[in-house]
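Pasting the structures here.
Consider the two complexes below, in which subunit A is the common component and subunit B and subunit C are the respective partners.
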Partner chain A sequence: MSSLLTMAIILAAILGGAYVFRFAGQKITNNAPMFRDMGYGVAFGYVLAAALLIWAIWYYFQPLETDAGMKNAGVQFFRWAVQGFIIAAIAAFLFRLFGQFVGTAGTRKLFRSMPLTASFGILVILLYAIVAIFAGAIAPYGQAEILGAANVTAGGDPALGGNPEYPLGTDQIGRDILSRLIYGAQNTVGIAFVTTCLAFFIGGSLGFLAATLQGWLDQLLSRSVDVLMAIPSLIFALLLMTIASVWAVELGVPLTIFMVLIIAVIDSTRVYRLARAVGLNIVVMDYIEAAKLRGEGLGYLVFKEILPNAMAPLLAEFGLRFCFVFLTIAALSFLGVGIQPPLADWGTMVRDLAPFINFAAFAPTAAITPLLAAGAIALLTVAVNFVVDWMLHKSSGLKE
Partner chain B sequence: MDGLSSILKIVLQRLGLGLVTLFVVSIVIFVAVNLLPGDFAEAILGQGATPESVAKIREDLGLDQPMITRYFSWLKGMLTLDLGTSFAQLNFANFGGAGTTTIAEQIAPRLSNTMFLAAVTACIAVPLAVTLGILAALYRNTAFDKAANMFTLSSISSPEFFMAYVLILFLAVLNPIFPSLSNIFEGMAFSERLEKSMLPALTLTLVVTAHMMRMTRAAIINLLASPYIEMARLKGLSPMRVIVKHALPNALAPIINVIALNLAYLITGVVVVEVVFVYPGIGQLFVDSVKIRDIPVVQACCLIFAAAYILLNLTADILSILSNPRLRHPK
Partner chain C sequence: MSNLLTIRGLKIEGRSDETWNPIINGVDLNLKKGEVLGLIGESGAGKSTIGLAAMGYTRDGVRISDGTVEFDGIDLVRASAAVKRGLLGKRIAYVAQSAAASFNPAHKIIDQHTEAPVQHGVDNRASSIEDGIELYRKLRLPNPDEIGFRYPHQVSGGQLQRAMTAMAMSCRPDLIIFDEPTTALDVTTQIEVLASIREIVEEFDTAAIYITHDLAVVAQMADTIKVLLRGDEVEEADTRTMLSAPKEDYTKSLWAVRAFERPAKPAVSTGAVPVVSVRNVTAAYGTTDVLHDVSFDIHAGRTVAVVGESGSGKSTTARCITGLLPPRIGEIAFDGEVLPADYRKRSKDQLRQAQMIYQMADTALNPRKTIGQIIGRPVQFYGGLTGSARRARVDELLEQIELEPSQYFNRLPSELSGGQKQRVGIARALAAEPKFIICDEVTSALDQLVAEGILRLLGDLQDKLGLSYMFITHDLATVKAIADEVVVMKDGKVIEQGPKLDMFTPPHHAYTDLLLSSVPEMDPDWLTNLLQERGVDNIGDAAVDKM
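This part shows the complex of A and B:
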């Protein structure tokens, strides 16, 4: 009850503070336009932001241990988050600076007009690519290697059940979590990438084919896509995975391969729609007419005439599609029907390590492992989205 | 009168199209399940299948009939809410368990739980998203807009379970405000039920609000370029008044559309969130049945999800027709 009262008092203070702020501003600056024309809402926003900032700084410098010797885990997490944010911002800034002076004239120009979010996105994607490609060299242990001790907590502090040899601890059957996180980049991102490429190959070629040939083939494909898109994709994927899991046992093929095929087919419907729409605009062009009159074959038309001209929208779509596929695979793995062990995978890791969160109040470092795996997924999708957002903004030429 | 009959025609057309889609989707689901190697009978009996018992069960379930007959009897069952009995329950009965419950009895309470969760989410998310979207459009390209853009982009791109665990960490473990497990049962007081489903609802709110807010902002900014807005501005109205009185009524159609589409999106999101919070909804039942390959339940849940999804998309379609005067009065 008292906390509600405190909140009400703080809210009232901010509400009143906004009036005071605007009035004082008008008096001090002698009615500068900024204060003279300021709406009450804007003044409220400024004061609210200032109050939040003050609270954040106050909270950041709270002691890490309470008087009773208990850990103040909330402060610890807050400090980590703030430090992570600042490091990310500085890294993105330095990367942009680096890009402005290194590289060809074209990339230098690109980097000059780039917002920080986009340069952060590119930096993260590059880092993930490096980790994924060189996972075998970076990871201290193998992904399925079962080491001596199980359930070693993260942090490497022997007093808390850690071990300096395993900085992020080991999981319930004694595999090194750091190594599995690194291999996860290879497996999860790699499989998502292959799936997206497959979806683009299927959806793109069928879409262009439908746009070029039109007629009954176009009708047939488009109506089938309509039906497939009427079923929510995660639900449909789960249904097909149930069936595939029986087939996988029957045929002795890994379930992961079925998953790649299923998600590629489901996602190719979205690619088909885009490819067909873009293709329809291209096939009415004169150069297509000319190519047809020259007597070029269907393959030439699709791959040499239509594809190069449809590249830009398809590339932006590739980024977004990759995010969707990546999240679907992560969700399936989290639900236990996606990428199968012994392959290390972030979705499965989150599910397996989730109970550690309950120890957050006593050992913040132990609780962070499931969040690291989930955060690794989130970070990559956020990065790709930042880059795609910037690309779309740039190509649309919108300023507002 | 003429406008009314033509709009009725469009709406009826859409409804018919929706029914046809649902029918075809039911065929797809049925055929997909029939792609299983072996058949139901062997799947039910598992390793202890003898030829006689397999034949008996095939006869009981009508598996010796041709596929088309089976499809129509399945469809009839679905329409009359007779969804059959799950494998798990059949097994239970085979091993001497007392009276079995049918799938319909299993699903009904869970479906209402899921509806409750979706309703709570919508009650929080819709007003929040529309307000924030209007504010972002009003103060576009300011620090507030940029911060909101970054925040929504991040929450759209994060997986639902990441959001869920972050919320658990801060609102359940570090500051025990809400329970992290939603053990909901029948006959629970409304307030207690609300408290227990708060964390899953908040997780879904975070994901859905981001979508809705971005689309609301885009819809309003799109309108702000129109001449009549320019006129309203030139006549000296305050920015807030321009947006609420002039832009919002015209942006209502896309916004209603966005809300319906996002409720449809909730249906997929609910599966993962229910699993994280062990919320006894239909998504949880679906995932559990997928894991033990309980085909009849998977089939029924899948059809329910698809029907809800199609229905909401249809509602979005029809509402956007109804709210567009140009479609209501075609030339």
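This part shows the complex of A and C:
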């Protein structure tokens, strides 16, 4: 009850504070337009943000251990998050600065008008790409290598069950987690990339074809897509994967190939929808009519006239779709039908290492083990979305 | 009498490429109560920007950097949002170019009409509705008692524009800004709107700023005219002085556009085979016939202007000729030879011979291709030229349309002005080396001076290359300038056709007469005289309906 009361008092204080803030602002700045035309909601927003900032600073400097001697994991994680945020911002800033002076005239101009979020996104994507491509050279151990000691905790502190040779610890059968994280980039991201490309090839070309030809072909394709889209995608994928796991054994084809195909087909329905909608807007343009009247063939129409104009929305969709595919693979792997052991995969790692989270109260460093793989997924998703947002903003021609 | 609106040294800047660029460089403006000021200029002159600034408003990414806008003693540039909220809609109203786009399609017209009076506390809803109906009657809308209770899409464009004027009048404002209110309308519809706007502004003694690019229109509406060019005032004078004795060269050049006319050509020798022959074409969209038994010929080296209002079937006829819409009955012959009805069945050479230039150069050129690619494609596709031969041909075409090849070859359409884009559209048609070109309203989206340049270019090309044109237009000034023969269409039928000279001298078909008499002239008394001559109920749609 008292906590509810505290909440109410805080809320009332902010509500009152907003009024005082606006009034004081008007008086001090002698009715400058900013304060004069400020709505109450905006003033409330400013005061709320200030209150949150003060709370965040206070919380950051709370002791790491409670009076009872327990570890205060919340404070520890919060500090890590804040530190990570600051480091990321600085890295993004430096990267953008770097981009402004290095590269072709075109990329330098691009970096000059780039928001910090986008440069952070590009930096993260680049790092992931490098890690994925050179995984074999970077990783200290092999992904399937069993190194003896199982369940070594992260942090490398022997007093807490760590081992400096395995800075992020080992998993339940003694494989180095750092190496598996690095190889996971290769497997999860690489497979997701291939799958997304395939989905775009199928969905994009069929979508443009339907938009250009229309008529019965459009009806046939669109209704088939409707049927596929009517089934919840994760359950559908799970069902197909179960069937495919039998075929994979019979045919001697790796299950991963089936997974790529299944996810690509399911996701291509979404791409089809977008490509058709975008394509329909383009085919009514006069330059398409001019090309048709010139006697151009279907291939020229689709690839030379329509595709270049659909690039912006398709690229943006590619970014988002990549995230979804990536999460689907992680989810399937978490459920046990995705990427199969001993291949390292982030989704599987989250599932396998989940019990470590129980250590949070005793050793926050040890508890991060399952969060590392989850964090790797989240970071890439956020980074891709930052870049997509930026590209959409650019292509829409909006002014800030 | 003191000024209602006084603008002093107004400077406005717009943000692009991370910097603020000037749009208006210090314009002064005075407006007394009951006075109408015409703002005139080409696109980019800053007419609309000044119109909005007169309400203390700027679009996103635009700011007033200097100067004052004083409305009845209140400085709108520095006024608080609350003060402006009390004025806008109540004492200052705005009528936008496209009423169809400005009305909210989800609400009935009368509900949008009553919003301002009720919000501002001027009137209650019931009496505001009554007042709205009264205004509709004054503006001579058909069925004034009932029309407000329709949704915007259930009302025609001209009626909607009048309903919008009524809405602006709902609080009896002191000042109304009309931003090109008739530009999107047909001539016969425009005249009705003009007549009603003028009447109601006079009746309520409202001051108005009338923004337009059409000199003849502004001559009917305004007491004084201010000419703008790229954010600067060129000159200002009362309407009669401005029309009869403009001082500045720029104003004179604007006035002179209407004088352009191509010399008449000798009559076609009898028995000559027409380049294009439209024979008894009836065409339908779905099951509804939109063209009825249309026939006309286009001879070598001639320009046939097809005239009519929106919905008359001009563009549909063009679609039949190009084969996009195969006619239900009838045929199209080219050089005496009947063409397959569907363009997909025509040979490459048949397709090459007939080219098209579009109204909107923005949508007619692929925005992702360079000028060189756009013009080079037909050169390669039809002529089979590649590499340096193709480049040489494209350069030659660019020179023909008076664009410097080295400068424009690698540009994208977005880096060209409207007139330059239209020239590229012409070059793309020429690249196919056709005999016949369909020009679909090619000048209606362009400023008058630019449009004149395009018309001259098309004329020169016709003389040089012996081209035949089918010129689709609703603008009779264009017809006068360029046509050899005229075809008047209405509701999918050919009403009248013949040589230009015959068409512009009486007697006419009644519809041709209406069309011709509805084109505004530069005489400030034209509208008054016309209304006296024809009577207020015998103009525009009302007159069309009687036919």
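As a working rule, the second predicted complex is superposed on the first by the 318 of 400 C-alpha atoms of A that agree within 3 Å, B and C clash if a C-alpha of one lies under 4 Å from a C-alpha of the other, contacts with A are read in each partner's own complex, and residues count from 1 in each chain.
Assume a contact is a pair of C-beta atoms (placed from the backbone, for glycine too) under 8 Å apart; a residue touches a chain by one contact, two chains touch by 3 or more.
No experiment lies behind these values; they were computed from the predicted model shown.
> Please determine whether it is subunit B or subunit C that touches the greater number of subunit A residues.
B
> Check whether A:Asn309 is in contact with subunit B, with subunit C, with both or with neither, and answer first, second, both or neither.
second
> Which of the two partners, first being subunit B and second being subunit C, lies in contact with A:Leu293: first, second, both, or neither?
The answer is second: A:Leu293 touches subunit C but not subunit B.
> With both complexes overlaid on chain A, does A:Leu371 touch subunit B (first), subunit C (second), both or neither?
Once the two structures are laid over each other on A, A:Leu371 reaches subunit B alone.
> State whether A:Asp226 touches subunit B only (first), subunit C only (second), both chains, or neither.
first
> Which holds for A:Arg108: it touches subunit B only (first), subunit C only (second), both, or neither?
In the superposed model, A:Arg108 contacts neither subunit B nor subunit C.
> Overlap the subunit B and subunit C contact sets on subunit A and report the shared residues.
Common interface on subunit A, subunit B vs subunit C: nothing in common.
> Inside the complex, what are the residues of subunit C that reach subunit A?
Listed in rising order, the residues of subunit C that touch subunit A are 15-16, 18, 60-61, 78, 80-82, 322-324, 343, 346, 348, 351, 355-356, 358, 360, 363-369, 377-378, 381-382, 428, 432.
> Report the residues of subunit B in contact with subunit A in the complex, numbered from low to high.
21-22, 24-25, 28-29, 32-33, 35-38, 43, 139-141, 143-144, 150, 153-154, 156-162, 165-166, 168-170, 173-175, 221, 224-225, 238-240, 264, 267-268, 271-272, 275-276, 286-287, 289-291, 293, 295, 298-299, 301-302, 305-306, 309-310, 313
> Per the contact definition, I'd like the list of subunit A residues that touch subunit C in the complex.
Contacts found on subunit A: 31, 33, 36-37, 113, 285-287, 289-290, 292-296, 305, 308-309, 311, 399.
> Report the residues of subunit A in contact with subunit B in the complex, numbered from low to high.
Counting only subunit A, the residues touching subunit B are 39, 41-42, 45, 49, 73-74, 77, 117, 226-228, 230-236, 238-243, 245-247, 250, 323, 327, 330-331, 334-337, 347, 350, 354, 357-358, 360-361, 367, 370-371, 374-375, 377-378, 381-382, 384-386, 389, 400.
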